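Please find the structures below.
What follows is chain A paired twice: with chain B in the first complex and chain C in the second.
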Partner chain A sequence: MYEVRFHGRGGQGAVMAAQALASAAFQEGNYAVAFPYFGAERRGAPVMAFTRVDKDKIFSKTLIYEPDYIVVLDDKLCGLVDVSDGLKDSGMAIINSAEKPEDIKLGKAVKCATVDATTVALETLGQPITNSAILGAFAKATGLVSIDSVVEGIMDIFGNRIGERLATKNANAAKAAYEVTQVGTCQGGFECEKADKWLPGYDELPLGLATRPMETPEGLVGPGSFVDNKTGSWKTFAPIYDPDKCIMCRMCWFYCPDGAIKEVGEGDAKTLEFHHEYCKGCGICANECPKDAIKMER
Partner chain B sequence: MVKRVVTGNYAAAFAAMLAKVDVIAAYPITPQTFIVEHLSEFVNDGLLDSAFMRCESEHSAMSACVAASATGVRTYTATASQGLALMHEVLFIAGSAHLPVVMPVVNRTVAGPIGIWAEHNDTMPQRDCGWMQVYVEDNQEVMDMTIQAFKIAEDKRVLLPIMVCLDAFILSHTVEPVDFPEQDKVDKFLPPYRPDHAVLDPKDPMIIGSFSPPEYIQEVRYQTDETMRNALEVVEEVNAEWAKEFGRDYGGLIEEYKTDGADAILITLGTVTSTARDIVDEYRAAGKKVGLVKLRFFRPYPTEAIRKVASKCKAIGVYDRAVSFSAGGPSWIEARNALYGYTIPVINVLAGLGGRDVTEPDIRLMFDKVLEAAEKGEAENEIVWIGTRGVKP
Partner chain C sequence: MDRHQGGETIAITIKTLPKEELFTSGHTACGGCGSPIVVRAAMKILGENTVTYFPACCLLVFGGTYPHNAFKVPYLHVLFENSAVCAAGIKHALNKQGKEDVNVVAFAGDGGTGDIGFQALSGAAERNEDILYICYDNEAYMNTGIQRSGSTPFGAWTTTTPAGTKIGGKELFKKDLPKIMMAHNVPYVATASVGHPADMIRKIEKAKNMKGFRYLQIFAPCPTGWRMDTSKTVEVAKKAVNSGMWTLFEMEDGVVTLNVKPKMEPVDDYLKMQGRFRHLTDEQIKIIQGWAYKKNEMDLKFVEAFSEDKKE
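The block that comes next holds the complex of A and B.
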């Protein structure tokens, strides 16, 4: 039995990668399961998916806490989430990164493979979607599944979702990544910031979970989200606000899913402030603005 | 003290007025309609200063009650049968958010086939929503329990919504003398509702019932379980206070009638209890050792009280006006669960489904079955359908 934990961001396809790996292992006569863990996740939020493979039927229905392998679809996650948490000492980390394994810093020094899956994906798919390419790296680094089986797994899972033509491109991404994967050992001892989770006992939890808001400068957040959850690190595009075009209709404020827009000033001087620590760059505000007062820029 | 001859529906409505409810949100349904109509008249005539909302469905009515109660005001509604079924998903929200809404439910058969008469298959299936349920026997108890219901529900140790369950037509549309409690005494008994756990106020916002990951919900469930258990004690306290102030003692969680020295005890709930009292008298006069337990609260379930009863008799029968198909009546299932480890026979007697009249011969047969089990130490049939054509009881 081996267990794999995938770390990605909502929208990067970690779940499909986990499923395609299960399908690949299944092609080789194994029993395999893959499953997601959905928290209060939204696009861009750190997510996890899991694959378990064995010769015999797998009964365990729990999440994976001590994986043999971790697969990280976005190396920026390494600073945010303790990706190597529980990883066995004999385990291995497979990371999408332009760096060499020796330059990667994790919680522990383990065998490590890196591949610049983003570049591979841009070249083969024309998009920075790395969930197929990283599986090529997994095949190369672990030898647990052949690249041919990975191709079959991708054709099976991706083919069902996005059609044969696009699945073939993804299979090609995996093959290309297989060729450029580097294997070595990463550095250990890296400590990532632990989010302070509010986990009171039932007798300290407000009755029925009716909470006074934990007020952030940006607005109100409930028990599932936290002042410490700096969603700003998720963004690729940032809103650029033009106060001259703005008519203060507050549509952007109403629709912003992260409470990242705040009204400031009094009377005619009223204007908006965008809080980039929390803005995750979803672009909803720009989409809703009737006056084109918000532009999304990299 | 004023005595008037009124229906159960009138008593339920008048009790809400005596409790000075702030918000009433309801939708009419037979046989509950008169409760809502009486209240709309009280409000219209200036007798009751309450926000009255006639909603477009029971789902909306319960949603309005949840929202109103979450602002920290005393909230009331009433329904029956299909109306309660339509409220189902919102009932959980009131329960888990600890909103002490009081709701008389006029027990009526849930379709199909469509029927309007008394059956408990509307309230029994709602037992896991986080609502308390009390079943009443006469119109005086409708009045008294509706007022007590507020006090139990609003107790800081409980803070759970409650259904006051009264049988369709047998109470809702039947007139009988009812003693009307005086307003000043009710005011003293039931002070205004002043919560701090759930008070929606734009000036001091709160988040109630928002999306919560698995890290939280299990503790919320435990809270509901604990507060429901706390209610066991609160029911007794409130009953004792009511008895002291108003002179009527309902026994709290259960009421025992001639159980001392009884070999065979029948546990009933709702209006069948009244007819059963007559049969107990008749059988006792004939030297038959029978007794009666009126199960008042179905949630919280009085496990300890039922165990005490079982330790002093030789057999128990449990009457149900609803059935959980293939498993027996809900009240019997609960009693057997409470009596796990006891060796006396505990049989189920089912009668009056769909509002069929439960007659004196029916109830005599129930007692006969329990007496027979007491004598033999075992029962031929655990589940006995009484008065069902083609089925041997």
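The block that comes next holds the complex of A and C.
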């Protein structure tokens, strides 16, 4: 039996990747299950999905806490979530990154494969959705499933959801990624930021929390405390602002769903400031700017 | 903030909209979500002296995950189906405490408004409770993973109206909630869209300054559920109004005004932008076009029948 844990962001298709891998393993005569972690995750937020494969029937229904393989669809997650948590020493990490395996830092030093799946996806699909490309890398790095089975798995799962034409494109992304995957060993000892939240019980709840913000050892809580939640790491494309073209119509400021654009300065010196720590890179500002003063760049 | 000079209200525009964010950055909505645009603007206009209420909806989840919260004002949630009565209860409680100047606003999605929350909404409207109810209409239950709602348009793909070889998306039409609310004879009912910010700001401000039950339904596209590029949220909202798929009108004390005359552009452009309509056949597009024409015709007659001149 081997168990795979996928770390992705909502919208990157971690769940479909887990299902396609299960389908690929099934094509080769194995039993396989795939399931997501259920939570309030949205597009861009860290999510998890799991695949469990065995020669015999699978009775285990739990989440995967000690995976043999981890698949990370976005290397920026490595700093936010402890992706190598519980990973077996004999395990392997497959990471979407432009870097070499030797430059990747995880909680422990394990075998590691990297592939620049975002570039592959942009080239083959035109969208930064990396779930199919990373499966090509999984096939290359682990050898547990053949690339042909992965292609069949993608055609099965993706074909049902998005149609045969787009599924073929995704299969091509997997094949392209298969060719450019590098295998090596990553560095260990990296500690990612403590993600523990302060969660008091009802009897520990301080009076007035519903109406006042409060500082705790784990950061700000209460009204307005989401300012501590830096959502800027969600983006693939970032807005580049050209103040010379800007006429200060403030449409981008109004439309920004994340309030990431701020007005600074007085009188004629007024200009806009883009707060990349919150910007999710949706591109509404660039799309709506009447003077093309904003461009989205990777 | 003093906007009253010599007895006349000075209208807020994009340039004079307060800079302070009462709905902060760092919330966890999907990139390109339409509803934070509505909520950011509404909170700027409503100001600090506001209590907000939410049923279960996307906004409840991305606006606050215990113990964190994006709102700098009180933020309450009880159940999915009783937003309007809970907001009314909050208003009554504040009145008893002598805090009669506090704005009480309920933000809800289209499912929590028109389907699950409708009996409470209809009851509160009939009793003319003194609250502002803002429905952000993203045309499906997006929070739980894109299930169809009464507000989902004909032909749209959702996870519960899949597009296959026999059935092509939803087979029923969008519920005309604004008109249902107008039939309650409340002081103010209006529709708005994130694609028409000046109109939206004016309506929220007008609703804020009125007494009694006020209902706003604001068109807020959802790139995730509509299967489209995140940068097109505002563009698609504009196209919805231009093609007659969404009408901007308001009813104030029984007088109905059309705010933006639809250009009645072909619906094709609007539909082609969205992946949820990708499977549509020419026949289905014709049905949607026919629906848009019919809706426009009915709206114009409705506006005519309840115009200022016809008022006794």
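Annotations
Assume the second predicted complex is superposed on the first by the 198 of 298 C-alpha atoms of A that agree within 3 Å, B and C clash if a C-alpha of one lies under 4 Å from a C-alpha of the other, contacts with A are read in each partner's own complex, and residues count from 1 in each chain.
One rule holds in what follows: contacts are C-beta pairs under 8 Å (C-beta built on N, C-alpha and C of every residue); 3 or more make two chains touch, one makes a residue touch a chain.
Here the structure is a predicted model, which means the values were calculated and not measured.
When both complexes are overlaid on chain A, the residue A:Pro36 reaches neither chain B nor chain C.
In the superposition on chain A, contact of A:Gly259 is made with chain C only, not with chain B. With both complexes placed on chain A, chain A has more residues touched by C than by the other of chain B and chain C. Of the two partner chains placed by superposition, only chain B is touched by A:Arg212; chain C is not. Looking at the shared chain after the overlay, A:Tyr202 reaches chain B, while chain C stays out of its contact range. Of the two partner chains, neither chain B nor chain C is touched by A:Gly184.
Under the contact criterion defined above, the residues of chain A that touch both chain B in one complex and chain C in the other are 40, 197, 199-200, 209-211, 213, 222-224. The touching residues of chain B, counted against chain A in their complex, run 70, 96-98, 159, 197-198, 204-213, 215-217, 219-220, 222-224, 226-227. Contact residues on chain A toward chain B in their complex (touch as defined above): 39-40, 197, 199-202, 205-213, 220, 222-224.
Of all the residues in chain C, the ones that touch chain A in their complex are 14-15, 17, 19, 21, 23-37, 40-41, 58, 61-62, 64-75, 194, 197, 223-224, 229-235.
The part of chain A that touches chain C in the complex is made up of residues 10-11, 40, 42-45, 197-200, 209-211, 213, 221-231, 234-235, 249-251, 254-260, 262-263, 275, 278, 280-284, 286-288, 296.
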